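Both of the next two complexes hold chain A, though its partner changes from chain B to chain C.
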Partner chain A sequence: MEKQELDQKVLGFVSSAYKKPLEELSLETNIKKDLGGTSLFMVGLVSLIENELDVLLPLPTAAGCKTIGDLVDAVARLM
Partner chain B sequence: MNPGKVENHGTIRPYAKSVSIIGVGCTPFMFTLESDETNGLTEGELYGYAALKAMEDAGIEPKDVDFYFHGEASPLNASKYITPNMQVANWFGMKGKGSIHHSEACCTGYLALDEAVNAVASGKYDVVLSGCVEFGDAIVEDPKKPQYNRMKFPMDAFLESTAWIYDNAYTRAMIAGPVIAFDDAAITYQRQYGLTEDQIDSAMIGMALANRKNASKHPLALMKVTYEDQAKQLGFDDVNAFMRSQFNPKMGHMLRVSGMEQKCDGAAAVIVASTEWARAHNVRHTPIEVLGIGSAACEGNTPHLEIRGTEEVVRQAYEMTGVKPEEIDLLFANDFIISSQLIAAESAGYLPRGEGWKYFVEGRTAYDGDKPINTNGGRTAFGHAHAASGVADIYEAVIQMRGLAGERQVKKLPKTTLLRGFGGGQNLAAILLRTDESMRKEDTLIDDAASPVRMETAVRKYYENLQQGKILGRKCKRCGHIEWPPFYACNTCGSADMEWVEMSGKGEMSTIILPAVLNAKPENMDLMPYAFSIVNMDGSEQNAIVQGVTKENAEELWAQMPIPVRAKIIERGAEGKTYPTVIFEIDTEELAKKKPGKQ
Partner chain C sequence: MQLLDQIYKKAKLKPQKVAFPEAENEKMMQAAYESGKEGYIVPILVGNRESLEMLLEQRGYEPDVFRMVDVQDSTYRDRLIEAYVARENTSLKEKALVRRMQDPLYFAMVMQAVDEADVTFAGIDNTTGDVLMAAQMIIGLKPGIGIVSSIGLCDIPGFEGSEGSLLAIGDSAVCTNPTAEQLASIAISACDTVRALLGWSQDAP
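The block that comes next holds the complex of A and B.
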């Protein structure tokens, strides 16, 4: 998968999991500071990544990502 | 597929003495960090508020309560406490009374009632308080700072500590035990009764919809927006399509996000008394008798432990009490994994075996259905403040049995309620409650606006005022005693009707303990010379540091006790992490007046 396509897919997953409009998100969005939300949102996000991309990203790895861009990189490393 | 049974059965008998619930109290279940009104709440404030509300609900005062139990799943995570029962009593006017802390993870709140009822049924006590508190979302930021400084519980830290629930001789090493429970009950049920994956999914979605619907009518619930409304906001006309969309992904083999607990902060408390005492003391509301409680504990590597354990605790509860399944009017199931509703309901005979799943699909388990379950919204919607959740369920059961649940009141006033507790690697409990109609009262809601019991961030206020150079206490409007540092209730007379006052800053010390290797911390060397002492300021006694005491003048000071002192606000803590606190110094001017010949 091309990097740009992966970026868009992960941004879409974040939008669904955190119930935020896609246009408010970018690779620079800080997951904790900008998105907030409950820890269950992160579980949902990682689940979406697993369900849709078949990439089993460990929760502690995802929780350690500062930005959506970091998350994309973490997913890319496992593809 | 046959899930099997618990091998070892205990023998339990009816209580030696009838015990009833006479009062209940509950905080909102919340993310305390997300509101300025609640950001900074501490263990004592949450537990204290719930305890005082329970006493108010019963129409009794702290002096009437003989003993208290304190439940918390993870005091070490939440506040870096090991014996948290001792730290809360001052908040609700029970300083000095006996207490026990217990911890059974998510089952703590159900066993909290078991502990209290046993204590009264034994004849040892007449009236017992049992409360639970949990910070599932806001943990202490730095154990070296006062605990009103809190931060979000990081997901990785939560998952790491969740593993502490499980056996570390074999189970953790064998990997499956700590995680199989997320899906085992649903998959076992599906295979046992030949359901399709879509059918069991529909049932679990039905549970989530009903929980949110119930919570939307509950003023103390965490998640008050129904899934129907959320679906509309996100462009879905059909809520079931929304529940199967990317907005609600499967995160386990079967379990969706909507079927998982919403961990949060909260506390709840219950007061029990012998039914005889309740009858003699004209308590405020209808007493609810605790008929019996069954319990079991299945270590995490026990196959199908939730199903086996639930069957066992329900068996015990029915055998102990003679109650029949068809007598159950209302059911609660600790559903941090939402399939628990199905397992508990069928094991209890509340729903027919193998057919119960249809009730969820048809929406019959919401508060307005014919088989209501978890009318507060359960763990996925009311929220899960782990230890406190069980008591929050008992709170809701009692409110429903009094007929005071307002919009979410079930159609038929429940006479008999069953609550199934579950949690912690795993403990299980089945509680049977019943209203004795001969003791029915004209129950009415307490006017919270007129109540002196308030949940406020008193600790934060105290420290913020220290930063402004003010030392605050709380004065009892009834007896005049001042609680310093401030607590919610008066530990002299028990009243919760208190007002903020500024302390005089003048006090007297009455003992001298000189610092030595054992008790003098290196970080306090800059305060030397000082002694450890007891200081009485405006009638409130505390252990404190008093500067100006040396080995050389100690004997002379002893001869003049009590020694006048004055308060001093100083900064403590590491650079960039300081906080203000209060110490004292000898008031030399006042002391001079005490010299022989000047008195």
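The block that comes next holds the complex of A and C.
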């Protein structure tokens, strides 16, 4: 998958999991500071990523990502 | 009656099926054996069958105290997955579940989600955070509960409260800096837990 396509997919997953409009998100969005939410949101996001991209993303890895861009990089390493 | 005696008595009336996904751990296996032997629970060891059987023999535990689930048993795994995805509001699809269930922790959680186990007991090899995240991913939160929390039960010599020397403290292990809404949710969960576990009620005697 091309990087740009992966970026868009992950942004879409974040939008869906955190119930934020896609246009308010970018790769620079800080997951904790800008999106907030409990670990339940992160768990929902990881489930989406795993279902749609056929990877196993360890929850601590996902939780350790500062920005959405970091999350994309973490997913890319698994693909 | 002492606190633990109350809990033991209650447990023996209706022993729950308890999944132990960290059963190779010496302390976990000991806990599973002793509580199963006393009749408090039905212990289910979840892991690699060959390793578990070898360890049971080495440690001198009678195998018939336990039920055993082999995470390599693909027939049983697929039956669990079929039951799991048939539920409403499940998060993971089949392929993702197959990957996750290679980990005994997730295997045990799926068992619990489809009532093959009543509860999962873990947190000695996995961190508390890992266990809570796995539970949120596979089992989810009870309707009406907004946040995962815990209570600590204290038996304080010299303390005299509405429940004698006993005091429940919520939450001292999971939530840092809860919002007002989260604190309310924690309080509700704490009350539900002490009511279910110990019969505490706000109604005057």
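Assume the second predicted complex is superposed on the first by the 79 of 79 C-alpha atoms of A that agree within 3 Å, B and C clash if a C-alpha of one lies under 4 Å from a C-alpha of the other, contacts with A are read in each partner's own complex, and residues count from 1 in each chain.
Rule of thumb we're sticking to: a residue touches a chain if its C-beta (ideal position, glycine included) is under 8 Å from a C-beta of that chain, and two chains touch if they have at least 3 such contacts.
Bear in mind the structure is a predicted one, so any value in this text is a computation, not a measurement.
Asks: In the overlaid three-chain picture, which partner chain does A:26 touch, first (chain B) or second (chain C), both, or neither?
Replies: Neither: A:26 stays clear of chain B and chain C.
Asks: Is A:47 touching anything from chain B or chain C once the two structures are fitted on A? First, second, both or neither.
Replies: After superposition on chain A, A:47 lies in contact with both partners, chain B and chain C.
Asks: With the two complexes superposed on chain A, say which partner A:8 touches: chain B (first), chain C (second), both, or neither.
Replies: The answer is neither, since A:8 touches no partner chain.
Asks: For A:56, decide between first (touching chain B), second (touching chain C), both and neither.
Replies: The answer is second: A:56 touches chain C but not chain B.
Asks: What is the contact status of A:64 with respect to chain B (first) and chain C (second): first, second, both, or neither?
Replies: first
Asks: Should A:39 be classified as contacting the first partner (chain B), the second (chain C), both, or neither?
Replies: Both: A:39 reaches chain B and chain C.
Asks: Does chain B (first) or chain C (second) touch A:16, or do both, or does neither?
Replies: first
Asks: Which positions of chain A sit in both the chain B and the chain C interface?
Replies: Common interface on chain A, chain B vs chain C: 38-40, 42-44, 46-48, 51, 59-60, 63.
Asks: Spell out the residues on chain B that touch chain A in their complex, using ranges where they run on.
Replies: Where chain B meets chain A, its residues are 31, 137, 152-156, 158-160, 230, 234, 245-251, 257, 260-263.
Asks: Can you tell me which positions in chain C touch chain A when the two form their complex?
Replies: Listed in rising order, the residues are 91-93, 95-96, 99-100, 129-130, 132-134, 136-137, 141, 146-148, 182.
Asks: Help me check something: in the complex, which residues belonging to chain A touch chain C?
Replies: On the chain A side, the touching residues are 38-40, 42-44, 46-48, 50-51, 54, 56, 59-60, 63.
Asks: Under the stated contact criterion, what part of chain A meets chain B in this complex?
Replies: Residues in contact with chain B: 12-13, 16-17, 19, 32, 38-40, 42-44, 46-48, 51-52, 59-60, 62-64.
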